[in-house]
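Next up: some structures, all given as structure tokens.
After this come two complexes, each holding subunit A, first together with subunit B and then together with subunit C.
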Partner chain A sequence: MIRIQNITKRFGDYLALEGIDLEIEPGEFIALLGPSGSGKTTLLRIIAGLEFQDSGQVFFNGDDVSERGVGERHVGFVFQQYALFRHMTVAENVAFGLSVRRKDRPSKADIRARAEHLLRLVQLDGLGHRYPGQLSGGQRQRVALARALAIEPRLLLLDEPFGALDAKVRKDLRRWLRDLHKQMGLTSIFVTHDQEEALELADRVVVMDHGRIDQVGTPEQVYMEPATPFVSHFVGETNLLPSGIHVRPHDIEIVADGGLPVMIDNVFRKGGVWRIEGTIAQHDQVVEIDLDASLVAPAPGETVQIRPRRVRNFQE
Partner chain B sequence: MTRRRTTTEGTAARRLLIALALAFLGFFLLLPLIAVFSEALKQGIGPFLDAVTSDDALSAIRLTLLVAAISVPVNMVFGVAASWAITKFQFPGKSLLITLIDLPFSVSPVVSGLIFVLLFGAHGWFGPWLAEHDVKIIFAVPGIVLATVFITFPFIARELIPLMMEQGKDDEEAAISLGASGWQTFWHVTLPNIRWGLLYGVLLCNARAMGEFGAVSVVSGHIRGETNTMPLHVEILYNEYDFVGAFAVASLLACLALVTLVAKTVLEWRFDIHGSAKH
Partner chain C sequence: MPSHSPSTIKRPPGSWRQPSVLPGFRLTFGLSVTWLTLIVLIPLATIFMKSAGMGWHEFVQVGLSNRALAAYRLSFGTAAVAGLVNAVFGLLVAWVLVRYTFPGHKVVSALVDLPFALPTAVAGIALTAIYAPNGWIGQYLEPLGIKVAFTPLGIIVALVFIGLPFVVRSVEPVLADLGKDVEEAAATLGASRLQTFNRVIFPAIFPALLTGFALAFARGVGEYGSVIFISGNMPGRTEIAPLLIVTQLEQYAYNGATAIATVMMLASFGVLLALNLLQAARRRRYGA
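Presenting the complex of A and B:
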């Protein structure tokens, strides 16, 4: 189990993390989700031992590792830009963690066998003799993953693992990583600013903003029951209606009368729904509505009445 | 289909610029190079060979090689250490260190030589103490080495700092996270990443170490067969109206320059290929 206790970190005058507490169960897949500057990467680097907290502690299975560097924490870290060693072949990259061992170094044959096994695991068998420069982005990502797994880490940390990939590759790799996690059961934490990624992959999502944790919960919880206005806006889309009501676009229905009058500005097809953009007449406030595509959409210029089906109020 | 040029004055201006550049290079570089070799070989190959194999010339060549053999490795270690410190760590006084590394570029070489005379000369700060212990620095080989190290130390660091800055520290962090020691990380990750830049710096550093005149002239004392490097030897021969001898030794230095140029071109070519293949 990973326990993070009251971590605070400053960079000069800038408060990057403030009083962070978090517990992670063995085998969990955790997403640190937040906008840039929320402190998510700093937190990941502190858990790794690449960065050190100003105060607070990090425990791995009850062991206080707060003062230990990354080399002693036995974690696998996958860098955003992969940080593959470009003068080494793919197989040498994967074997690096084993071949630099000073004690209990496996034999050359064992190291080679282990590297081959890992390359098979990440579906890159046969590419061991290539150089990183000869691989695609998605392949490099998997080499980085295999290299991190080679040292049999007790924890896998991934910094924006899909950030540098194009949309299609990202989606495939996402599904693949989820399956791999299920198969290996290795406790994993990844950083992302993409809420879709976090909701799809993680067992639990940690939503961060301005160096604090706003909410920790299952994807279902952070989406359906956001704890703060920030979470509500950052995870999924939210309309802020007059009198401080927060409502998702798909939780709004169009009614015959008795609703809030909205002037329709724009209507377009968004996947399986109509996305309607309108303005609340009296408040000059923009509102987005998703309407089942089987219904007839209102035309731009029309005025309709809307009613929220499901709302959230936040005590400010 | 006719393609319109974005600059209509293109052809004429371009030709003029190229002609200007070529004329400039011809006058300042090619002509002197030809002059050096033609003067050296004016009386045939015999006097040329006599001049470069005389005892004094051989001793000057030996001393020049010795000085380069000491100062280049010293600056290699210093350059790598300084660039490593500057690019991978945050510490107070960092910008001051960067400025100090540039100092030899901004100070006249003669002044650099004088600094060492002031420190280690007979009337210098450490002069009496050195005399007492019978250590000779000024007007001896150690002084020449010191002056050369000082003059050439920016070359390697200047080459490596931007390179290492651009590469960042992800690779090093990755190596450490995989359990490598600091030394293993340096040897297996950092050094291969910077090897072409390092070689390039070493090349420039070496060319300057062998060719330095001003600072070395101040601390050398011009003792024939003892403290004369090749550039100093050229000057002495020239002042003695031994033009064939002077140009013969000078032609060796010119050859060094040409070799450096070729090696530099080859390195730049390798460097480029490597640069585009990264990540």
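Presenting the complex of A and C:
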């Protein structure tokens, strides 16, 4: 179990993290979600021991590791830009963590066998003799993962692991990483600014903003019951209606009468639904509505009446 | 053959010219060949022609005389040692300049380039004054039995001075580009600082270090101005090859001068070509 207690970190005058408390159960897959500058990467690096907090503690299974360096914490870390060793083959990269061991280093044959096993695990068997420069982005990412797993870490930390990949590769890798996490019984924490990625992958999502945690919850909870206006806005799409009311585009229905009049500006098909963009006449407020694609969409220029089905009210 | 439409991007089969959307291949290629020919090739070819006119026997007698052989050994030997010394300390200076910010950083950085700008004779005179048996540093080395000025050691000191910027400026950008994350990756995998340097950082900057060494070495082989003051110029002991050429010229022995120049040029070219091939082989191995 990982426990993070009252962590604060400053860079000069800039307050990067303030009073962070978080507990992570063994086997959990956690997403640290937030915009850039929210402190999510700093928190991940503090857990790894690559950065040190100004105050507060980090516990691994009850041991205070706050003062321990990265080498002693025994965590797997996957860097955003992979950080592969370019002058080493893929197999040498994967074997690096084992070959630098100073005590009980496995024999050369054992190290080779272990590297081969890991390359099979990340579906790169047969590419061990290549150099990172000869691989695609997705393959490099998997090499970085195999390299991190070689030291058999109890905790796997990933910094924007899919950030540099194109959409299709990203989706495949996501699902595959989820399976791997389960199969190996890892505890994993990954940083992302992509709410879709966080909701799809994580058991629990930690939503961060301005160096603080806004909400910790399951993807269902942070989406359906956002704790703050920021979470409501950042996770999924939200219409901001007057007097602090937030409503999701799919939580709005078009009614015959008695609703809020909306002038339709634009209608287009967005996957399985009609996306309607309109303006609430009396407030001059833009609103987005998702309408079941089996219904007839209103035409631009028409005025319709809308009624929210489900809202969050953040009015104090 | 790719089916590019306009006539500008045609590629005859077997051509080594890559099709490109950027125009001006003919112009730039033509200009650079002309330029290289005028500036480098024709002067060098003149040396060959001049020495070819003297006949094999005479060529060997002058170009490979005992005095000349001793001069080659001295020039190439001291240049190699100075290049190695520069590789070590130049790397250190580059490391400090890239990794640390300290007051006077810009001044130190400018200081590194000074050997480029200084007239080499000035450097030679200054170094001689310092390292002569009665000089600032020489007076303390003398009792220890270490003679610097007027020995091969003095030549090495001068060449180290001249060659420092080459190594620093070659290594610096590569070191800056290497990025902290590679080092951090090594640390998360349990590598010590020393292991990280030996196995991750050094191999990554080695090609740049080799380039710096090659440049410093090449400059050292040809260096004249700073060396003649500190070396003492004793034939067979501290007489460098460029000085031997000048000596020949002063005696109007133009053939002899070009013979020595030809040998030096071939040897230098061989060394630089070997270093370049080594680099190319490494690049091929590691992919893009």
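Here is the rule we go by: the second predicted complex is superposed on the first by the 314 of 316 C-alpha atoms of A that agree within 3 Å, B and C clash if a C-alpha of one lies under 4 Å from a C-alpha of the other, contacts with A are read in each partner's own complex, and residues count from 1 in each chain.
Simple rule for what comes next: a contact is a pair of C-beta atoms (placed from the backbone, for glycine too) under 8 Å apart; a residue touches a chain by one contact, two chains touch by 3 or more.
Note that the structure is a prediction, hence the values are computed from the model and not measured.
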item	value
Fit or clash between subunit C and subunit B when superposed on subunit A	clash
Which of subunit B and subunit C A:Val90 touches, first, second, both or neither	neither
Touching partner for A:Leu201 - first (subunit B), second (subunit C), both, neither	neither
First (subunit B), second (subunit C), both or neither touched by A:Arg147	both
Those residues of subunit A which subunit B touches in one complex and subunit C touches in the other	48, 50, 69-71, 75-77, 79, 81, 83-87, 96-97, 100-102, 131-133, 147-148, 150-151
Touching residues on subunit A, where the partner in the complex is subunit B	48, 50, 69-71, 75-77, 79, 81-87, 96-97, 100-102, 131-133, 140, 147-148, 150-151
Residue ranges of subunit B touching subunit A (in the complex, touch as defined)	170-171, 173-181, 184, 188-189, 192-193, 277-279
Subunit C-facing residues of subunit A, complex	48, 50, 69-71, 74-77, 79-81, 83-88, 96-97, 100-102, 130-134, 147-148, 150-151
In the complex with subunit A, residue positions of subunit C that touch it	179, 181-182, 184-192, 195, 199-200, 203-204, 285-288
